[in-house]
């Protein structure tokens, strides 16, 4: 269960309220009170736990569930028979999603340790901050910046001249945002870099000439940007990120890239300049997308893939150069078999 | 065309002046006035656009050019016949380079929103700043630091004791520079880390002993370092970067690395300790260079290559372990064919 | 030899004292005085150098040793015959480790340019700093933070509410630490991010729901974390790093990861959520570890490997998907031969 040094529970709540909130079917005594959430292993009486069916291949989760002491647990329908006697069950067809909602009920979203505008900041006279904004110490806010109501700007962040940020943003410490327009409810994790120059040079016999980077970064609503991730601004068109996209840590987004809505981009992957990802694309960790190519809606790129050409909507690719994932698995097996054959000869 | 919220055009200029400045041959009325630059798609009357021949494989650029409303356009000689009627043409044998020069004429280089030394900084008494330096809020400048005239140090940057920076540097926010000597006209993007300890340990039965890192980072003139890129200082010799090198974001440069002049290093690539890159080397994105190896002048390393041994001058390599690029492409085809054959049997 | 602009030597010392300190056998005049350390190439009379046997494959080191002007040198037993006449020899069965100890004698560890608590900081009233702590300008220290004696917090660092840091920590500039408990003698390099949200989302038909990240980061003693490296806190269990682990720059550590003691993790590698590394694991640069897998004690992961399933204790793996390294080398050769054969036909 979460360390109260860092996290303050809003509980207790009754299992009835919890099931209601998470859209679960309830099996057991509705007035059972839950003080906190905990893992299967750590849970005690009065706690609620959850069995994430996507991890059920790991045998230890099954054993932990059977031995779990929690008063209540979120489960999928097919795991009801395994439940320990007396445990209240919250049945969901998406246990992970239900857990997310319950956890948010006990520990509501945004970390807001402070209120108001700290005195030791630099805020330009022409900047405008909405009602209820919080600004921590050592923040720099440039000319003509416009920040929506309820946004929280943490220490050491830099919001460059002209930047717009929507309502209820959470900007963590040491972030830089320049030449950018951000939507509502964005979360930017520490050290993320948004809006710096793209990598644009003209190479000639005379040498390397820097191409002025004159576009912007446009980010939609409900976007999350991971720690130390970099999103370059456009060269002359904009770099555009749609709504509900989630970027993990240390992702590289080159200039003029266009990302649709609902994309998930895992850590250390990179998207080269002018590539386009349509809605719902998922990039696995450490993968790379070539410049100027097109990744169709709902495509899945396996971890560590190197994608060099267009990917069709809905396709899943892997390897380098990336190919349909089944083909890549076959190639892996073929090479293994060939090697064995050659070596056995 | 660039958003005037962020970028202020120095125009208008006549096409005559522009062609002169960019070294282009002019076809059309020399007194035509240009107020701004814009993409083929977005351009209107009074704008100048450009047709980058390296992207002509993309059919849409050709169509956009034919329908372009710009008053003038930078083109290569062979595309003159495709031009819309009445468009003034600025003909160049390197359209990208010419565009870079024109864009710099409309939007001259460095972003300088401020002048003077902000009051809320820490600048050691023994530090020396040249004439015309700008220092934004919350900057830390240590003892004996020496910064050349006209340099701009953005908020939250840290210039450690003894560091030297040349003239006309642009240090973006949240940069750290320690144990380093930088040349003139360097541009360091947000969150870059220069001069921290290299990764040096002696491993023995007794455990892991840290090796003191006692070298420096030496960076030449006109070098650009991308956001969140890390350049470690030498273990006892120096880490050395030549003139005119350009590093993209999140590049790792290990201790004792030596990089020649005019090298281009794309995002998320890594150069392990004590490797040497000679003049004009290009590293593709997400590539890796093994420690203690030598990459000859003008060598090109394809994106996502893993280079484990020396590369000769002028060679182009790809894959992992990296081999001559044609060989790598053949291997890719061979594996594909073998897999098909096996599967069809 | 180290630049006195940045590094102050504590020497001179006699070779007798040095050999004693480093546990070396001494061959030559014990009263010989050494003023400084230097590379084989740069060393002059009065200097001490070292011959790192792991680099002896590089012919130039042998030549440099033969021509070396240093008054003394650390060597392995087998290289004694090659030594120049008159050179005092400090013989060690681990020359690199002996060098590390000697270098630390001349240049003792921690960089401490300052003393005391700077005035221009934000330190919450409820925070507690041990005796002898140093806090540089523009540091943010939140509520209930507890920092052990002798720790050094550099400018622009952010220590979030409730964080504990042990004794003698060195926190470099622009670091963020949140929701974390750190042991003694930790070194955190510039821009490292510790304790931010892990990448946790529940994906359903309704969209992407953020899973509150309610765990912590627990870091042991003598751990070093490289520049711009990111260690996410746990989702509900903790992310745990054992004693004596060393992380290079730009490493990604996902939520719930468990790392044992004495692990070495080279730059740009990534460890996905809930993976476990046991004691003494080494990860090569740019390698990746899949989520939820187990890497046995003492396993070695070659650079640029992509590890998708469990690795047994003591095993060395390479390639992607990673396999025993010898097997991977064989596959490389097989593919090369097949390609040659096909092409020659």
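As written, the chain order gives the labels A, B and C, with residue 1 at the start of each chain.
Rule of thumb we're sticking to: contacts are C-beta pairs under 8 Å (C-beta built on N, C-alpha and C of every residue); 3 or more make two chains touch, one makes a residue touch a chain.
Predicted model, so just to flag it, every value in this text is computed and none were measured.
*Asks:* In this assembly, which chains make contact with subunit A and also with subunit B?
*Replies:* The shared contacts of subunit A and subunit B, listed by label, come to C.
*Asks:* Note whether the interface between subunit A and subunit C is symmetric in residue numbering, meaning over half of all numbers used appear on both sides, and answer same or different.
*Replies:* On the two sides of the subunit C and subunit A interface, the residue numbers are mostly different, under half being shared.
*Asks:* Counting in whole Å, what is the centre-to-centre distance of subunit A and subunit C, each centre being its mean C-alpha position?
*Replies:* Computed from C-alpha means, the inter-chain centre distance equals 28 Å.
*Asks:* Where in subunit B do residues touch two or more of the other chains?
*Replies:* Touching at least two other chains: 120, 138, 156, 174, 191, 228, 250, 268, 286, 335, 338.
*Asks:* If we count contacts the way the header does, which residues on subunit B are in touch with subunit C in the complex?
*Replies:* Its residues touching subunit C are 120, 122, 138, 140, 142-144, 156, 158, 160-162, 174, 176, 178-179, 191, 193, 196-197, 199-204, 206-212, 214-216, 228, 230, 232, 236-237, 250, 252, 254, 268, 270, 272, 286, 288, 290, 292, 306, 320-321, 323, 327, 330-331, 334-335, 337-338.
*Asks:* In the complex formed with subunit B, which residues of subunit C make contact?
*Replies:* Those in contact with subunit B are residues 1-3, 5-7, 37-39, 42, 55, 58, 94, 96-97, 99-101, 103-104, 107, 109, 113, 118, 120, 136-138, 154-156, 172-174, 187, 189-191, 224, 226-228, 244, 246, 248-250, 262, 264, 266-268, 285-286, 303-304, 332, 335-336, 338-339, 342-343.
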